[in-house]
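Each chain gets a letter, A, B, C, D and E, in the order it is written, and its residues are counted from 1.
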Amino acid sequence: MTVEATAPATDTADAFSCSKLFVEYRTRDKVLRVLEDVGFSCAQGEFLSILGPSGTGKTTLLRILAGLLTPGQGSSVRFRGQEITGPPTGVGIVFQNYAASLLQWRTVERNVALGLEGRTSKSERDERVREALELVGLADRGSDYPWQLSGGMQQRVQIARSLVMRPEVLLMDEPFGALDAMTKAQLQDELLKVAAVTGATVVFVTHDIDEAVYLSDRVLVLAGKPATVGRELRIDLPRPRDQVATKELPAYLAARHRVYEALRAESEAQAETQSGSGAQ
Amino acid sequence: MTVEATAPATDTADAFSCSKLFVEYRTRDKVLRVLEDVGFSCAQGEFLSILGPSGTGKTTLLRILAGLLTPGQGSSVRFRGQEITGPPTGVGIVFQNYAASLLQWRTVERNVALGLEGRTSKSERDERVREALELVGLADRGSDYPWQLSGGMQQRVQIARSLVMRPEVLLMDEPFGALDAMTKAQLQDELLKVAAVTGATVVFVTHDIDEAVYLSDRVLVLAGKPATVGRELRIDLPRPRDQVATKELPAYLAARHRVYEALRAESEAQAETQSGSGAQ
Amino acid sequence: MRRLLGFAVPVIAILLWQLVKSTGLLPYDNIPAPSDIWSSTVDLASSGELLANTGHTLAACLGGWALGCVLGLLLGLLLGLVRPAWTYGMASVEVLRALPAISFVPIVVILLAQTVEMEIVIAAWVAIWPVAISTIDGVRGVNPVHQDLARSLGLSPVAKVVKFALPTALPKIVVSLRLSLSAALVLAIVAEIVGDPDGIGYALVQEQQSLRPAAMFSYILLTGVLGIVLNFILVWALRFVPGARQAAMGADDAA
Amino acid sequence: GGSSGSTSSSDGSIRVALNNTNDSLAVVVAQQQGFFTKHGIKDVKTTTLNDITLVPSLLNKQYDLGFSVAPIMLRASSSGVPLVAVSGNNGDSPEDQSVQIFVRPDITDVKQLKGKRIGSPTLTGNINISTKAWLSSNGVDPAAEQFVQVPTPNMIDELKAGQVDAVEVINPFISVGKQAGMHSLGDPERALSPNYLGGTYWIASKDWTSANPKLADGFKAALQDAAQWIKANNDQAYTALAGYTKVTAEQAKKSPLGEFTTEVSQDDLKIWGDAMKKFGGFNGTVDYSKLVYTGAK
Amino acid sequence: MPRKTRKSGVAPLRGLLPLALLLVLWQVIGDSSSTFFPPPAAWFSQTWELTSGGALLDGLLATLETFVVSLVAATVIGAVLGLLIGRVPLAERLLGPILEYFRFLPGVALVPLAVLLVGYTESMKLYVVVFGALWPVLLQVRQSAKAADVILSDVASTLRLGKFAAFRKIHLPAIVPGLLLGVKIAAPLTLVLVLVVEISTQVSGLGKLMETAQQNFQSAQVYGLVVVVGLVALVINMLVSAAEGFLLRYRPEH
């Protein structure tokens, strides 16, 4: 059943915990505050989805969790109880902009192998790369260059690149956004399987409500300008999940409905504040 | 109601008509045939969606319709009865790779104004740019540079850039793929409104079955390696459509189901041929 | 056929030149006719002088170029990637790279005598800067998503340079390798004209003073041929450098 | 190539830097006829140099002796470079007109050169100083002229093309120019002194002469022999000239050989120094006596 | 706190520190009577003498004038040719080989030829300098023109921009970073070439002063003039970098 979540707890068993998090982008002529007083935590092994309107700060939040962006002074962001100062080990990331994230001068195979180089033997590396490419359905395109692939294929290369590292934590920014329904469903299941087997924590940004509900233990809705955590919804569906069976559960439909309502409420609230204050 | 479509007719009232269309990509060491014997036509004012697995050739097809790619010898692709030799007038396109298609050195406003420059007066241009940006919800970001925007925002800039031209034909490659449900719904409705008012023809690539059904008069499913038009489904839902009312119609659900089935059947058929022949 | 198109322009130019010369429109003794240049080239080639001088100049040019490129690359990486190095060194580089190499010839002669080493130093000096500047510019152009990726994969600084910075900079570096090559060749010849009694530069002055302008032109024109050959080899060799393939091909075609 | 730097030549051999004109004939002849060996020099290596890097090469001991001209020697010496003239080179000979001022066809008198553009092989060299003195003695102010540096082989063409109005030409280009119909306003060399003024020398660093006085003496004696031999064997001398300058024998014969001398006159050097002060912007101080090698004591 | 907008722009003057230290070291341990390696203090005093008759200023102005005109000409010609052969395959086929050939001709050896055809004029200096200085711009522009994203060309053609508008609005801005890199490399090279031509013809400028000093064995003055050239170059490079900072201001980095 879907349950309104409790206040974020700080606990060393958490993979991530944030409090009083805020972020400002400084450009030549203005300062844009994107996140404000964001507080939440994510338990180890949890599958947490983040939803929110376009431009609300989801990518920004993910980059902070990845240790790629330093939040404003006074913010606290912890990974396993430690304040984050740089990219923590064992954290993999799939970027939203797949085209920019691939190395154009490397073949698909060598893009996937990137993080393994110098860390594993050549034979193990080849084996793991092959497995990862098979997982995303690109086993036969290993020797192509990124520009020879379609958009969805490029995105899958990126997914393979992070899975091949067997990360304990996966940060994924709209990883399945460019994929068709079938490929998407297949990769969702693979991801759930990988997470279950390895016990990995996943923080997952998506725009697809069905996807968020199907995959997650919990959904955060970011909204507002600057954005904060508007709602937090626990998704209590049994695991392992199944594309047909799970989606036919009444609990699934109820959860889906609640997430939808939460999103609508948040966007409406946002639209109001926005027209009211004119701030941005 | 959903009706299996008839064989493609060649008619000068058609916006596009293709027959015997095939495409090969030639790289250093191999030739990859992507499309094979594709034949269909698209009437003026029709809203045609194209669905299909990732990497099947949807983007390729759209680039051919836009006159950006020359198909193989013997293919016939006509726009309003004329063989296409270069980009035809009145055709706007929204690219899948939004990041690469924006001019990084121009602000949002000036990216949108690009096609109007020298063709309208300054005041009209400013007015139309403002309108277009408002339509996509970016009225307050006109003076930012593309890198200061989120992924979804960049995609919306691209949409504004093609709408501002008031094209008679719009070719859109996963235009709403990077958007959240609310923004997406809103832009879908705006697009339908624009198409209705201007009588524009739209060819729309998407992975979202709901979106395809909600927007289209007809859906083509591309599948196979090399791909061809696997199914063609007419969507006979009343217009104007409405996010709530239309989606509650039994006819909507039935259409959705048929499209889903068509897609699944095609991908399964493809998976079989593939494992059978090993060709690619 | 399409490849031959490139020869059209030079062939027409040579024919025109021959024409104005044989009709007496160009009365200068120091500009010989192409036919004379050709026959003197044949003479020089058969006497072995041409080969010996070319070999000397080539050695100096390639030695200086290789040295300059390596130094330029290292310098460029240092300044492009290490912020304090840039802050506390870039202005010095800006000053150094504008110093006219030929005004140093007498000084280098004091240190190294009139030897091929002197030429190598002069050629290296001019080869360093294009490579260094392109490397600085290139390694800074690593796209933001790639920077994020490299950090999140926890790559070592060396791996970041090898896997991201260098490949990103490569197209620009390839262009500057070619620029440096021509600069090194020209400066090696200038050093021979001014200082070292050997090689093409020395020979062309000697030929001029011995009243053989045709032979002098043989050497001058030979330099261009030498350049084309060197450039062709460079572009060809770059195809074997992983990642440089595309960059080299984008840059070549002339050869 | 140039032999390597700083080996000392106490082994009885010498390395000599030549130039590519008639000026080096005596050394070449001395080498060919065995005069160096005769005077106790075991081995002679010669190299033809293009330019004025000679002085640095003497300092770094790459060469022991080299061809030079008075202005270079005086300037180097006043800057503290310890040089000496071991031997003279050109001597007096009335028929020798080794420098000529060629002019454009429409110029027939020195006075017409006023304010004109004149091409000179080296702006600070002996020929240009002589030319300035010559202009001055003919009532033309050299300060009002525009002097430009032109490589000697290009002078005739540039004159033809009208890019310069007059040029200071030396052999073998004088004969080339005459063949081409150029006309000359005369020889400026005697403008500095009624007597022929030697301006070319074989120089060495003071270090070398003090360390190897025997070799220096031998060098000078060998040149003395060569001078006599050249006088007696004019035809063979032309063959030698053609050999190292690489001009054809026919071409070589067109320029007079002149006389060779090994004398170095302190007075001559002083005349040069004064002329340089007057016309060459030179303001250094020179001890002329120290410039002349006086032989082993 | 957010992604740093790194200002590469103009190199700070602090960067002269290594050179300054080197000079101080030279002054301290150098031999003050050395003919060819006089210590820096002597450079200053000897070079200062040149300011008396205005010779230094005249030379500086002559050199600067040729420099500015040549750099502008080299940039324009290099950019036009680079774009042409980078974008028009026929032009590449026709001109590629001959340009590749010219690139390696030793410009200095061609000075006599230029003199013969043009004379001892400022424009002769210009021809020779431009001939040698346009290559960095040409090659970098050609590379950028070839590397430009195909999607941008697609944007131009689907918006039906027309050849000229597409060029001005898309292809030209897309090569600006390459152009600037070319100019950055070409600027000091141009200065060097101006000096080389001045040295070998002694027509005018700092090069003439330098050659005169050289022939007079006034090494200290040569070094002093070299320092002047270095400072000029520093100022020029700062200007080029500032122009780059301005033209590429749209970029997050750089």
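Note that contacts are C-beta pairs under 8 Å (C-beta built on N, C-alpha and C of every residue); 3 or more make two chains touch, one makes a residue touch a chain.
Worth saying up front: this structure is predicted, and the values here are computed from it rather than measured.
K.L.:
Could you tell me which chains make contact with chain B and chain D both?
P.N.:
Per touch definition, common to chain B and chain D: E.
K.L.:
Count the touching C-beta pairs: is B-E or C-D ahead?
P.N.:
So, comparing the two chain pairs, more contacts are at C-D.
K.L.:
Chain A to chain B: how many Å between their CA centres?
P.N.:
Each chain's C-alpha centroid was found; their separation is 27 Å.
K.L.:
Report the inter-centroid distance (CA atoms only) between chain A and chain E in whole Å.
P.N.:
49
K.L.:
Any idea how many Å lie between the Cα centroids of chain C and chain E?
P.N.:
About 16 Å, centre to centre.
K.L.:
Rounded to the nearest whole Å, what is the centre-to-centre distance of chain D and chain E, using the mean of the C-alpha atoms as each centre?
P.N.:
38
K.L.:
If a residue has to touch 2 or more other chains to count, which residues of chain B qualify?
P.N.:
97, 100, 147-148
K.L.:
Enumerate the residues of chain E that touch no fewer than two other chains.
P.N.:
Within chain E, the residues that touch at least two other chains are 3, 36, 112, 116, 214, 219, 252.
K.L.:
At which residue positions does chain C touch at least two other chains?
P.N.:
Residues 28, 30-31, 106-107, 110, 144, 193 of chain C touch two or more partner chains.
K.L.:
If you look only at chain E, which of its residues touch chain D in the complex?
P.N.:
33, 35-36, 112, 115-117, 119-120, 200-203, 212, 214-219
K.L.:
Please give the residue numbers of chain D that touch chain C in the complex, ascending.
P.N.:
Listed in rising order, the residues are 1-2, 4-6, 20-21, 47-53, 56-57, 59-60, 62, 151-154, 156-157, 160-161, 172-173, 176, 180, 245-247, 251.
K.L.:
Which residues of chain E touch chain C in their complex?
P.N.:
Residue list for chain E touching chain C: 3, 6, 8, 11-19, 36-37, 90, 92-110, 112-113, 116, 132, 135-136, 139-140, 142-143, 146-147, 177-178, 181, 184-185, 187-189, 191-192, 195-196, 199, 207, 210, 214, 219, 222, 226, 229-234, 236-238, 252-254.
K.L.:
Please name which positions on chain C make contact with chain D in the complex.
P.N.:
27-31, 56, 105-107, 109-116, 193-198, 202, 205-213
K.L.:
Hey, which residues of chain B end up touching chain A in the complex?
P.N.:
25, 27, 32, 51-56, 58-59, 96-97, 99-100, 140, 144, 148-153, 156, 174, 177-184, 207-209, 260, 263-264, 267, 280
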